[in-house]
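Here come two complexes built around subunit A, the first alongside subunit B, the second alongside subunit C.
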Partner chain A sequence: MGRRGPRRWQALLWLGPSLTLIAAVVVYPAIALVSASLSRYSITGVYQGSVGTRNYARLLEQQALPAVVANTAVWVTAVVAVTILISLALAQLLNERFPGRRLVRWALIVPWAASLIVTAKLFAWIYDYYFGILNRALISLHVIAEPIDWLGDDATVMGAMIAVGIFVSLPFTTYVLLAGLQAIPGEVYEAARVDGASGWRRYRSVTLPLLRPALLVATVLNVIYVFNSFPIVWTLNDRNPGFAHDTMITYMYKIAFKSALRDVGLAGALGVVNVLVILLAVVVYLSTVTWREAEA
Partner chain B sequence: MKKAALSGAGLVLALVILSPYLVMVLTALKPESELRITPPRLTPVRWQPANFVAVLTDPDFQTWLRVSLVVALASTVIVVVAATPAAYYTARYRFRGRSAFLLLVLITQMFSPVALVVGLYRQFFALDLVNTYASLILTNAAFTLAFAIWILRAFFASIPREIEEAAAVDGCGKLRALVQVVLPLSLPAMVTVVIFSFIAAWNEYVVALTLMTDPSRKPLTVGITSYVTAYVQHWNHLFTASVIAIVPVVVLFALIERHLVGGLTAGSVK
Partner chain C sequence: MTWRAMALLAVGAVATVLLNACDRRPDAPRTGAGAEPSITVVIAEYSKDHTRPFWQALSEQYTKQSGVKVDLRVVDWNSIDQQVSTMVQNNRAPDVLNLNAFASYAKDGLLYAADEALSPKTRDDFLEAFVRGGEYRGKLHGFPILSSARAFFYNKDLFAKAGIAAPPKTWDDFTRAARKIQALGAGTIGYALPLGPEEAQAEWAVWMWNNGGDWKSGDAWAINSDRNVQTLRFLADLANRHKLTQVNPGKTNRTDGAFQLFKDGKVGMVMGFSPLAAQLDAEGKVSYGVAEMPTNVGQAVTLGVEDYLMAFRKPGNQQAVKGFLDLYYQPEHITRWISAEGFLPVTKSGLAQMASNPKLKPYLDALPNARLAPTTDPAWDRVKLDVQQTLGLAVQPGGNPKQVLDQLQKNALAAASGR
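Let's turn to the complex of A and B:
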């Protein structure tokens, strides 16, 4: 496309505002994060010199770490897996024409559009031991005999958080899978019907393989979103002392900003680990999607 | 018959999804005295819509609302101003570094600010920008930029080049072609970007929680949580404020629903 020299400067001009913003608020903080992980700070945040990789060594010595890593694995795996399964059914439903379909689409918008902190607070209230409506409903239905302290009992708190995580992940996932379903041409089904394939066979041998790209995208993006998720665990777990139910993200936040700890160096080391986990997921994402940059 | 079954399933599903928000609205309409009764009731005994007046006239709530509006509007303006030229140039021209730039944009989209929050805090602390609107506005803008670039870029690419070439014959430069010819055609994409950026900033929590410790600088998401703390438990006011905060956002979101998937999956689902 012609002239090259001036074009490069021109590109800088047009991309300049975006590049500046990314450099100032994404790249620079990433560098600040790495540098924090290699430094020591006073509890009030004053820099006290470099410590090399000592924060990383200290991170590995933290007693809470194994449980936090295990929680993160359980949280991400359970939320993403169940979300995908339910969303497959929801997308299938929304792909049909029936009276009231718009109502379902609108209902699905609400947990997506509402701020996560609002939904998290709402569930903290619904799960409340004394005054929450969940225990009341389950007791009336004779599912349980005694109220359960959903958010205070070590046996139930992770499950309660996972349920909310699934609830808020459904809309996006369903919409992605629905877009995938709508991209499958009708003739494919016609052909399968002519061949005499039954409903479930048709779904397994025709729909699912063609839905693979959408499933991959939904899975990898959800892994990233759920790993990064903060407000749900932060809110629903806020009564419990210690780190027994924290994920790597909320544990990092507590180390950095909870008044009693305020260990910026240690939090920085965990922050770097978190960033590496996300980068790994991004690499997986890039290798699964067809990177369509070349078009246009 | 099949349609009736589908409608029935759809109705049940809609109810299940909305039921928590029904609890929210009903709690928002309860008087304080009905919050702590056992066994709890779903509906108020005495309906108290005056909670909405109480919250709307609460000076603290008015402060949070103002902060949220300022932050969300300013961040939206920055997103549009930064994303538009980048989206246009990458949609129309090939140049060295284009792939690298788009890759960088994609990576920023995968990062939520919480992953970088320790670095963000160190940076704004060093620049003495903690508790400033600028810190929150810039952070919100940077993390919605990617979505805006994908949406606008796809839309610009769908506009035939000939229209701009005609403008070029008239002696229009690239910038004037963009502003006078392309942008007026791009209204639907622009609306999607504006609404999405506004909502993203409006709903943001963790950066605001970290950077805005001054009570007069807290946005709604952080502010409303002070209705329920270890010392006071005004759940009704928390949910009244929540209803006020989310109803406009849900309506706006419904308007752009159809365009969201494309922007969030960066053109990989067709």
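Let's turn to the complex of A and C:
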């Protein structure tokens, strides 16, 4: 006991720089966010005093809120679910030996390495009604007869954004799952084969259960990234008036700076709600998954 | 576990206090012993090529002649509202700010008036219309930095192909011309109508005024007047009934959308301004003409846009700010910059100097009949955003122009009464 005291302080010394960094980039903004959510600001940003929890009550009165929450649920669920499914297949493919595998592995990193805003702008042009190559390709393949305004038509905007969301999430997810696959020892497969398990059976009974930790990490991190993703929705939705296709993140920004509300306090309240929602989602997900694990 | 949490909290608390302490540092020019005075100047980026070089050189010249350091920040239009709002929130307001709005800052008591921040000579050189556009409660607070005016652009080749002799003068002429161009087929579009969030209020204002409507009637907001409802129905019909515009005009922005289509030669007519002309000249792809706006009421009206320089009232910065502004407003500086950016003058000396430029003639001719948005009313700063986020919905299939304008009017009244 007597020796542990000073050691603690030594540890603190080593941890000091990173703790300071965490305090500066995590703790301080969090405190600032909460305090903003309890305050009233003029349109120019001048502090006009505390309003208690009134901003939270006003948030619930916003007519756009239900649609925005629904959009967020669709956006996160669709992007994460489809990303995981495709990544499972991609990871399996990249785990096999084939000529040019290294090249394919590198190529997969490209959408990850490119800036999200650049990628989103690029897709805005791909989707463009008049200049986009997507319409041209689909028409020449006789999939559609008339061009579609992918980013202007209310029926297609969300799908178009989700596709880009999946595209940029694939590299990270695939690599996490690939690492998981490579960690599965070959003996397990050998044993399964000796027992006469078919390929599909081996995948279901050996690969998937042993991939669970990697799947867990990939899902949780993706839920957080995708929920917080701003550039894709912002860029692809910038032509649409109103809030019909916003997620809670872009809606927060619009409340603060782009809507008639122009209210930093109200946006702060939504910011706090956003953090709580994502925390809650992750906790619920982790607890159901571990519960199923215990049952299995 | 607990000691770790406690240590983290302790470090966090210390860092927070430290950061807060930095934040609350006095933001007046530090004139104390040893420290040189300095001012923060925030300028919106009008172009990559000209904005920063000009203001950088001006700042350096000012530092050399006065000893006041200039912390120059050139900020793009997309994020300037956010950045300035954050600066004000953190008690670090700039000393000089360039923006397209000023009245809310004046209302919040953040600004010097002209008699405090400009020399009389500078003040007297401003064109009267722009002085009126910068007044809050009878005093000039938003100093004109530059101006622009919209004009009607048409594609000469498409006009010739469609057999249209001259640019349309009336709305009937306009609809007929749009129909003829649309009838050329092969993807040609009569008129590119951008009512998406980027600049819906500008496009709308020009159509509104050319039908005899206005934002206000006297001092009261009148956004949902019968005239205005009629105008918005006209635009909605243009899009949905006659189909003479590009697809989804309520969801088309100006820069990426309407201008892009016109630059590509797909569009017969569009409402442009001098920087569009500069781009068209540089690309040399489209042969275009510039004319007055078509009108439904006899006298064509166009939109003038005035952007502002503001001087923030902070202890001890008055002389430094005044010196900087007077340097910018010296005729050779302001006129050199406005010419380089392709905008229009706001001073008498600038007008005299630029009047001889044939390229600017259509815009300078339009300037006397140009009207400004009601930027002198602080409520406008909210109304503008509201129009940007909702007007486009009225011209979508199934949109309801009257309902959209009624809601805008209601919100404008709420904004005017201070929420």
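The rule is simple: the second predicted complex is superposed on the first by the 265 of 296 C-alpha atoms of A that agree within 3 Å, B and C clash if a C-alpha of one lies under 4 Å from a C-alpha of the other, contacts with A are read in each partner's own complex, and residues count from 1 in each chain.
Keep in mind that, in the parts below, contacts are C-beta pairs under 8 Å (C-beta built on N, C-alpha and C of every residue); 3 or more make two chains touch, one makes a residue touch a chain.
All values reported here derive from a predicted model rather than from experimental measurement.
Student: Taking subunit A as the common reference for superposition, should the pair subunit B and subunit C be classed as clashing or as fitting?
Tutor: They clash.
Student: By the touch definition at the top of the document, which applies to A:90: first (subunit B), second (subunit C), both, or neither?
Tutor: It touches subunit B, and subunit C stays clear.
Student: Taking the superposition on A as described, I'd like to know which of subunit B and subunit C A:56 touches: first, second, both or neither.
Tutor: neither
Student: Answer with first, second, both or neither: which of subunit B and subunit C does A:133 touch in the superposed model?
Tutor: After superposing on A, A:133 lies in contact with subunit B but is clear of subunit C.
Student: In the superposed model, which partner reaches more residues of subunit A, subunit B or subunit C?
Tutor: Between subunit B and subunit C, the winner on subunit A residue contacts is B.
Student: Determine, under the contact definition given at the top, whether A:251 touches first (subunit B), second (subunit C), both, or neither.
Tutor: It touches nothing on subunit B or subunit C.
Student: Looking at the overlay, what does A:115 touch: subunit B (first), subunit C (second), both, or neither?
Tutor: The answer is first: A:115 touches subunit B but not subunit C.
Student: Once the structures are superposed on A, label A:8 by its partner contacts, choosing first (subunit B), second (subunit C), both or neither.
Tutor: The answer is both, since A:8 touches subunit B and subunit C.
Student: Touching A:260, do we find subunit B (first), subunit C (second), both, or neither?
Tutor: In the superposition, A:260 touches subunit C alone.
Student: With the two complexes superposed on chain A, say which partner A:150 touches: subunit B (first), subunit C (second), both, or neither.
Tutor: Touch status of A:150: no partner.
Student: Applying the document's definition of touch, where does A:175 land relative to subunit B and subunit C: first, second, both, or neither?
Tutor: A:175: touches subunit B, not subunit C.
Student: What is the shared patch of subunit A, the residues that subunit B and subunit C both contact?
Tutor: 8, 15-16, 19-20, 22, 24, 28, 31, 36, 45, 130-131, 253, 256-257, 264
Student: Using the touch definition from the top, list the residues of subunit A that touch subunit C in their complex.
Tutor: Per the stated touch rule, the residues are 8, 12, 15-16, 19-20, 22-24, 27-28, 31, 36, 41-47, 124, 129-131, 149, 151-153, 238-243, 253-254, 256-262, 264.
Student: Touching subunit A in the complex: which residues of subunit B?
Tutor: For subunit B paired with subunit A, touching residues are 3, 6-7, 9-11, 13-15, 17-18, 20-21, 23-24, 27, 35-40, 42, 78, 81-83, 85-86, 88-91, 93-99, 101-108, 110-112, 114-123, 125-126, 138-139, 141-143, 145, 149, 153, 157, 199, 202-203, 205-206, 210, 221-222, 224-225, 228, 235, 238-239, 242, 245-246, 249-250, 252-254, 257, 260-262, 264-270.
Student: Tell me, which parts of subunit C touch subunit A in their complex?
Tutor: Residue list for subunit C touching subunit A: 3, 7-8, 11-12, 14-16, 19, 81-82, 84-89, 104-105, 108, 110, 187, 195-198, 200, 246-248, 250-253, 256-257, 260-261, 264, 266, 378, 381-383, 385-386, 388-393, 411, 415.
Student: Provide the residue numbers of subunit A that touch subunit B in the complex, in ascending order.
Tutor: Checking each residue of subunit A against subunit B gives 1, 7-8, 10-11, 14-22, 24-26, 28-36, 45, 90, 93, 96-101, 103-119, 121-123, 125-126, 130-133, 136, 139, 167, 170, 172, 175-176, 179-180, 183, 213-214, 217, 221, 224-225, 228, 230-231, 234, 249, 252-253, 256-257, 264, 267-268, 271, 274-275, 278-279, 281-282, 285-286, 289-293, 295-296.
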